[in-house]
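I've put the structures underneath this note.
Shared chain: chain A. Partners: chain B in the first complex, chain C in the second.
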Partner chain A sequence: MAIHSLELPATLSSLTTLENFVRQAMEPAVPSPDVFRDIRLVLEELLVNIVFYAYPGEGGKVRVECSLDPGGKLCIRLRDWGIPFNPLEYPPPRLEGDMAEREIGGLGIHLVKQLAHEIRYFRQEDSNVLTVCFQL
Partner chain B sequence: MPLTVTSMEKQPGVFVVSPYGSLDTNTHTVLERKIDFLAREGAAKVITLDMGGVDYISSMGVRVVLKTKKELSRRGGALVMMNLKPQIKRVFEIINALPTLQIFSSLQELDDYLTEMQRQVVHG
Partner chain C sequence: MEVTETRLEGILVLGVKGRLDSTNSEDFERMLLGSVRQGENRLVLDFGELDYISSAGLRVLLKAVKELKVSDGHLALCSVRDYIKEIFEMSGFVSFLPIHSTVEDSLRAV
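Moving on to the complex of A and B:
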């Protein structure tokens, strides 16, 4: 199983490069537009989290690894060297009640949890390692 | 994909705002600025977001919608949406926002809604 990897600056402008990298790593598999849109959304939300939560107010880097198994399962692993942040422990947004009264926040992580088919987090030495998988 | 936003004043203070493109982390400020401008310069009370041209939305885009809804409600106005593509609807569905958002399927429905609002204003 081929593993593709790439290191990027942890900035919002890295998003396009990240998307293109994952798109290439999927080949020759061709996910449906719906699955690809979910993958794109998850990548965006995860990068935003790294930029704002792992490296608040400072720069950093992100390492991406992608693997596609013969069964068509795509796993994307994002590693950063920022402050420890486990998005899976982040409290879910308050979804009940009138939206006008809701706190605006935590929506991105909630979307990731709902859209990724599998999600795992661990802290390894001085890095956050988050893996999301999709069945293509 | 970039985002362009056009707007049209249907009645005084009542605007149809049409974003076109991708409403995401890198583009949401385009919509935010347009809405701020309409609120400030056009005294917008009711904004209809015609989402027919939006094919992608991320949480940053959702935040703009929720924030606008909150601000308009506070001023006694309203935010309504129309023409959501299935993938956009799904994102709002996941965050459970659909029950509190007013969504219309046509301009006719919107016009009926606006007429009703107008009637309520006139007749208290």
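Moving on to the complex of A and C:
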């Protein structure tokens, strides 16, 4: 299966382009468009992490690749060339207990972990590579 | 995102339409926390026409709830679509942010 890829500035304003790219590349192969609601949320949370944690205070770029394997697994890979940042190591937010003690951060990656079926991180040379997969 | 303000039985109801995400959560924060800081301590958010929320939007709600707690205020949500309700459940927000089916129920609750 062909891999579709695109490179974008790592800014919040790239969000719509990123979503549209994945949707347009994958839509013909996807049986139910419902999965795009989850994909949209995952893409936003991951892009926000790259903007704020991989490139704090400076610009950079992000490369997105998406593909669908014959088993019906849709995978999206995001690569950035920022500082090493593994969102999977981010401490999980407290979901129970007193609301007043609730941390403001950590929610985004928590949602990603809930919505994606698979999530993998590795540091490759000078880049962060994060792959999320959805079973269709 | 579009926000409409209505006052019902003296309570401020904010109707949020469209997407609440990291590109517009700061605007929403200014609006919601602005109202809280002006002394509104009973608020209802009508999410009937909200079709997307990300953690950026959730964070604004958490901040508002925390500020309201100080002034013994209350915030309630109503008419939340099923998919968005799932996001609230995943985030654990349902334990401190009540979701009602109708505006009327929310008005009674805050």
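Following the convention adopted for this analysis, the second predicted complex is superposed on the first by the 132 of 136 C-alpha atoms of A that agree within 3 Å, B and C clash if a C-alpha of one lies under 4 Å from a C-alpha of the other, contacts with A are read in each partner's own complex, and residues count from 1 in each chain.
Rule of thumb we're sticking to: a contact is a pair of C-beta atoms (placed from the backbone, for glycine too) under 8 Å apart; a residue touches a chain by one contact, two chains touch by 3 or more.
Computed from a predicted structure; not experimentally measured.
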{"item": "Side-by-side fit of chain B and chain C on chain A, or clash", "value": "clash"}
{"item": "Touched partner set for A:I119, first chain B, second chain C, both or neither", "value": "neither"}
{"item": "First (chain B), second (chain C), both or neither touched by A:E44", "value": "both"}
{"item": "First, second, both or neither for A:L6, with chain B first and chain C second", "value": "neither"}
{"item": "Chain B versus chain C as contact partner of A:C133, first or second or both or neither", "value": "neither"}
{"item": "On chain A, positions contacted by chain B and by chain C", "value": "12-13, 15, 37, 40-41, 44-45, 48, 93, 95-96, 99-100, 102, 104, 107-108, 110-111, 114-115"}
{"item": "Chain C partner contacts - residues on chain A that touch it in the complex", "value": "12-13, 15, 37, 40-41, 44-45, 48, 93, 95-96, 99-100, 102, 104, 107-108, 110-111, 114-115"}
{"item": "List of chain B residues in touch with chain A within their complex", "value": "24-26, 56, 58-60, 62-63, 66-67, 69-70, 73-74, 87, 91, 94-97, 100-101"}
{"item": "Complex contact set, residues of chain C against chain A", "value": "21-23, 52, 54-56, 58-59, 62-63, 65-66, 69, 83, 87, 90-92, 95-96"}
{"item": "Complex contact set, residues of chain A against chain B", "value": "12-13, 15, 34, 37, 40-41, 44-45, 47-48, 93, 95-96, 98-100, 102, 104, 107-108, 110-111, 114-115"}
